[in-house]
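Going in written order, the chains are labelled A, B, C and D, and every chain counts its residues from 1.
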Amino acid sequence: MTISFSISDEVAGIARRTAEFVRDVVIPEERACGGSVHDAPEPLRHRLQQAARDAGVFAPHVPREFGGLGLDLRGQAVVFEEAGYSLLGPLAMNCAAPDEGNTHLLHTVATAEQRERYLRPLAAGEVRSCFAMTEPAPGAGSDPRALATTATRVAGGWRIDGRKWFISGADGAAFAICMARTSGTPGDAGGATMFLVDAGTPGMKLVRNLETLDEGLFGGHSELAFDGCLVGDEQVLGEVDAGFAYAQVRLGPARLTHCMRWLGAARRARDIALERAASRSAFGRPLAELGMVQQMLADTEIDIEASRALLWRACWELDQGRPGAQHTSITKTFVSEAVGRIVDRAVQVCGALGISADLPLSRLLREVRPFRIYDGPSETHRWAIARRAVRSFT
Amino acid sequence: MTISFSISDEVAGIARRTAEFVRDVVIPEERACGGSVHDAPEPLRHRLQQAARDAGVFAPHVPREFGGLGLDLRGQAVVFEEAGYSLLGPLAMNCAAPDEGNTHLLHTVATAEQRERYLRPLAAGEVRSCFAMTEPAPGAGSDPRALATTATRVAGGWRIDGRKWFISGADGAAFAICMARTSGTPGDAGGATMFLVDAGTPGMKLVRNLETLDEGLFGGHSELAFDGCLVGDEQVLGEVDAGFAYAQVRLGPARLTHCMRWLGAARRARDIALERAASRSAFGRPLAELGMVQQMLADTEIDIEASRALLWRACWELDQGRPGAQHTSITKTFVSEAVGRIVDRAVQVCGALGISADLPLSRLLREVRPFRIYDGPSETHRWAIARRAVRSFT
Amino acid sequence: MTISFSISDEVAGIARRTAEFVRDVVIPEERACGGSVHDAPEPLRHRLQQAARDAGVFAPHVPREFGGLGLDLRGQAVVFEEAGYSLLGPLAMNCAAPDEGNTHLLHTVATAEQRERYLRPLAAGEVRSCFAMTEPAPGAGSDPRALATTATRVAGGWRIDGRKWFISGADGAAFAICMARTSGTPGDAGGATMFLVDAGTPGMKLVRNLETLDEGLFGGHSELAFDGCLVGDEQVLGEVDAGFAYAQVRLGPARLTHCMRWLGAARRARDIALERAASRSAFGRPLAELGMVQQMLADTEIDIEASRALLWRACWELDQGRPGAQHTSITKTFVSEAVGRIVDRAVQVCGALGISADLPLSRLLREVRPFRIYDGPSETHRWAIARRAVRSFT
Amino acid sequence: MTISFSISDEVAGIARRTAEFVRDVVIPEERACGGSVHDAPEPLRHRLQQAARDAGVFAPHVPREFGGLGLDLRGQAVVFEEAGYSLLGPLAMNCAAPDEGNTHLLHTVATAEQRERYLRPLAAGEVRSCFAMTEPAPGAGSDPRALATTATRVAGGWRIDGRKWFISGADGAAFAICMARTSGTPGDAGGATMFLVDAGTPGMKLVRNLETLDEGLFGGHSELAFDGCLVGDEQVLGEVDAGFAYAQVRLGPARLTHCMRWLGAARRARDIALERAASRSAFGRPLAELGMVQQMLADTEIDIEASRALLWRACWELDQGRPGAQHTSITKTFVSEAVGRIVDRAVQVCGALGISADLPLSRLLREVRPFRIYDGPSETHRWAIARRAVRSFT
């Protein structure tokens, strides 16, 4: 093997079918929900997912034994980029956050029984899930060690107490994967444990749905309260006190799949800008021949190619089973900032039209901004990148 | 006289009263309209304006003969910055766009009768107005010479035909100042003329209210159609064919007053970020002691000071009656980009909280973005700046 | 085949030997020439090249039949990065500009006789060469079609007239590859032809050696005059009037090999900064724990990884024989700017020491700046990138 | 008084004479020293200073009682910008670093006898001086509290021991103002004291002249050793242990005067770029009509105006006797980065010519880079700016 940027025929085929599916089936549905996915109706989700099954593009990341297409991360990189071309695409293909990341986590960590009970219906799109880790200040945010929600041993199980917020998809989820401290104190590494908590479990309550800048995730983001919420031992996901390590199992790939989908969204913005630059004139010349517009268009091409190249590299590292933390951090930081620049430039090229809802650009502008904060803010990643870089010199 | 950054006692007093008024009266009303001004109720506007009168801060820019405080541009720079600290502040003080700019235009160009009929009630906050210049492509946008709306001579007056969009405050305005071509063809400089068109004039129709990224202007932005709209000669504002020159009369100061208000909004974002950086910890230290946070905070201080210094300079040029086009373009370009950076950094410092509607930051993020496009996109201003700079070398 | 970032054992071995060779043999020689390569003595070049042969790392890009290691572009990407770690590395390994690019051009275009006469001794390091294309204004610079040097048919050959500058390595070169117009007029595409002109040919004269910001190329940059310089038909390189196409044959890979070497130089700067950040303290803490320093270090890691990923991608495209112009332009633009940022940050991290000649950083700062201009300025590449991007939308 | 950007007739007159003097007298002398001031011959300095006296522009900052023009900081801002248009201008007018800053320090702190002995000949240009504060790591660099050079009480005076570097103008200086620790230990605030040390005093030795990226200061930068250097009590400048406070007396204005001079240098680069953009064509159009070039030219205009506006503001603060640390830090940070961008863009606009010594741009590129490090690196200033900003919220 040597350096290669070839895409296998199988992956190329799925990507092509995905692009067609998004173009022909998904995008026409966007108007139905005003471009805002977070309060799209459940029937739309079911209809789109059935269409994805029919098109042979459903659940590309899910292992074949659970009904998916079984792609590795590199395959996902190629296909998810096509899916992300519409904010509804990942939802249709059942590869949206947070379900997609939870699928991976469950497949890696869950027991056989847990897989049947939680993973199988999730992979099939029958239910949705959420991942309850982030807490309001001074709890676990950019610093996961600040985890303040506790799980205390009780007879036959655990009692969970604490507060979570920015829990995507919690409203309507069949179960939550809740991260709680089982040893140590906030600020320590200590030990955290993951729990599978079914919707309706007494003591787990949806406090409110947050109003946020972004509205691109089905179900939006919610605040959850755990007040004496009791779960049995069989609801423990993986080992007790191993939660921080599992979080990395989930977050590494999840950061990359976010990048893939946002790269697709950025390409959508880029295409809109290119089309307009090619067709509209100002000062007697097509926009596309004005130097400052060309500079924006070129910088977008550069950002897209660099994003994709970094992404594929990081995916390859993880696919090889190599420690990919540095590549993942670098990729997440670069791509989250690049997609912001790309959408911003597209708006600028389109002028006032880009500000209006006549184009999806201002919607995308709102969607991509939080990605510089979600999944670890750029500052936390840069801190980690620098520390790893300096390590070999100390 | 020499270089001085002193603020006169009178202006300092008005600024201080404005700051108190915004803090004590205006900000508490923000929740009432969800932070979104564009569909705030008319009674709120009246209540706030009465409060501003009571506080002695109403209409700082309006000449004394029309009931205002009569500040020159430098005085406005100091006071409007305080007003802009809340999106509702300029509305309360009757110095919001587009009324504030129209006030200046009418005072400079209108006949005595027109002043009494249009300017007096506008200055008093009894009615609102709009400025109908911008057109959808391929009409007048960043290139004003593309003006496509026409006014044709008819007996005793003019017949206006064309389409306008992004007309701020049109919904509910008592009159529009409409810019239409009276000679030449789109692409020419040719001649444009301004017309005062009363609401309800047959042939002027509000087509739709635009859905836009920003929602900070009372009444929002609308699309207007002029279809055989007849107006009398007495509705001509200024000279026939002198419209492009009058547009500069309006736009020069209007660009600066926009900068003043947005600078105030940016300072609001900055204060929120500073407060949070001072009070919240991560990784065992206050945010305000983390180097990357300090870098963001410092860059914001630099952006604020540079914005203000440029703004004051441009105001001084205009107050001296000197040709201020270069200073105005430079200031508008710098400030529109700086306020975007400032709000963006404030969001980043506040993390997920900054994305939520629990803070006004994500609202501000949406409000400041269009300013890089409205009133001439950065690219058009840079083009003009470069041309003026190179002129003395050719 | 699928996406892969594996490096073959063979290439990895050469890269490892190169890294050791540069560290143990080349870097110790840097002081001898004060870090400035352009007036390094010829015996140093011979001594270093012999050492490279002994180390098995000589001429990695040269086809095996001409005594090299026969690496494709991806292999070169890995090895040249190691070579570039010292400004003397590429010279030692006979893969410095302009000889390296000329080697490729001659191998692709030259006749069998020309290969023996020009390529063989060049590949062996026995002689040096130059590529005489760039002209002072208003001739061929960023716009190659402005080519003003002419070659006129005479009996049995051609007569060349014109002026060239920034001709790297001309001083001491055994021959020049001169590009001259054989049809059309400046500003046309027209036709250009390449000529092999031996040193000492009457009418080719070295006017002066230019004093430039960079001093990293052996022989520096010179200005050449062609005044009635006569060459025979056998001196034509390739077809008459096909010169612009050949220039692309040369420039595409040459842009990438420049990127490879400069990436190595940037890594040198990065290592110096990391070492210092790890060992020096300020304000009571190691530099490497100060947030603003960490931000610089992290941005450098991101720039390096993105540069390498883009570079490998572009090399793969060319190795596949696919049209790589867009990837080459994107890579050249990104990498030339990234290496500038990397070295600049390294200087900043090292403070006053970085400004002094006690470290090689200020030397590197001077060397990398021109790369944003040489081989096509960023603006020209962005213009080309935008045009290609917009093409599919017109 | 109110906000004003007027320049008094007196200052305007000196500025105009300065501009003419630099254009007609100073710039023609630049070639004589190859653009590199640091090893310009002493007779050139004397000749230029005599010419400045003849032109009535000598020593604009020096109080009238010591033979200067007695300008306040705002006046200096206007005049030094004109002086800085040539690297030789400040030398000619005796307002170059470090003498200019030392003049101010001596005038503020020295005794009457010290003024006669040190200030008078310095102000007259008869002698030169240096300021010996910065130390190699781990001594006083960006963190002044790391001061390691000590002064120990001995009978009748002090004994100084330590090492200094980057001491500008030390080679040939008639005296040094040496900062040494007289209480506390490195890392403490503790107490420092300033000493006037005459050239030739035993124990003060010039170790070497540093080779640096910049070569724009007469005498360059040197490394000094103090080994048992004895000075009398009358050589103490100001109070014992008050040195850190005096350093701020010197550094605040000195940072601003650096900004003034570099702004002039940046304007020189800008003029060269504008002239070339106006006169040279590429791709069939004047450079000045290419959008990407216009963007660079416009950004430079913005940077110049923002730099000047910030600078005048900071000068006004200091002229009012107000605490100007925040304004000084903001101005130094912004201007040092802006002048770097301005010169960099000028090089880019001029292409290869900008890299060659045929224009002074590559020289200026080398000169402005260190200013982001000298006088406090940007990072230290940003740290201080953020701390001051956050203070009112804690």
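In the analysis below, contacts are C-beta pairs under 8 Å (C-beta built on N, C-alpha and C of every residue); 3 or more make two chains touch, one makes a residue touch a chain.
Protein names from UniProt, one per chain: A, B, C, D = Acyl-CoA dehydrogenase.
Remember, predicted model here, so these are calculated numbers, not experimental data.
> Could you pull out the chain whose C-alpha mean position is farthest off from that of chain B?
Comparing chain centres, C lies farthest from chain B.
> Could you let me know which interface, A-D or A-C, is made of more C-beta pairs in contact?
A-C
> So the centre of each chain is just the mean of its C-alpha atoms; given that, what is the distance between chain A and chain C in Å?
41
> Using mean CA coordinates as chain centres, what's the gap between chain A and chain D in Å?
That pair's centroid distance is 52 Å.
> Specify, in ascending order, the residues of chain A that touch 2 or more different other chains.
Each of 290-295, 379, 382-383 in chain A touches at least two other chains.
> Would you mind writing out the residues of chain B in touch with chain C in their complex?
The touching residues are 290-295.
> Could you list, by residue number, the parts of chain C that touch chain A in their complex?
Residues 1-8, 11, 74, 77, 271, 274-275, 277-279, 288, 291, 293-295, 297-302, 305-306, 309-310, 312-313, 315-317, 326-327, 330, 333-334, 379, 381-383, 385-387, 389-390, 392-394 of chain C touch chain A in their complex.
> In their complex, what parts of chain D are in touch with chain C?
134, 136-138, 141-143, 146, 165-166, 187, 210-214, 280-284, 290, 292-293, 344, 347-348, 351-358, 362, 365-366, 369-370, 372-374, 377-379, 382-383
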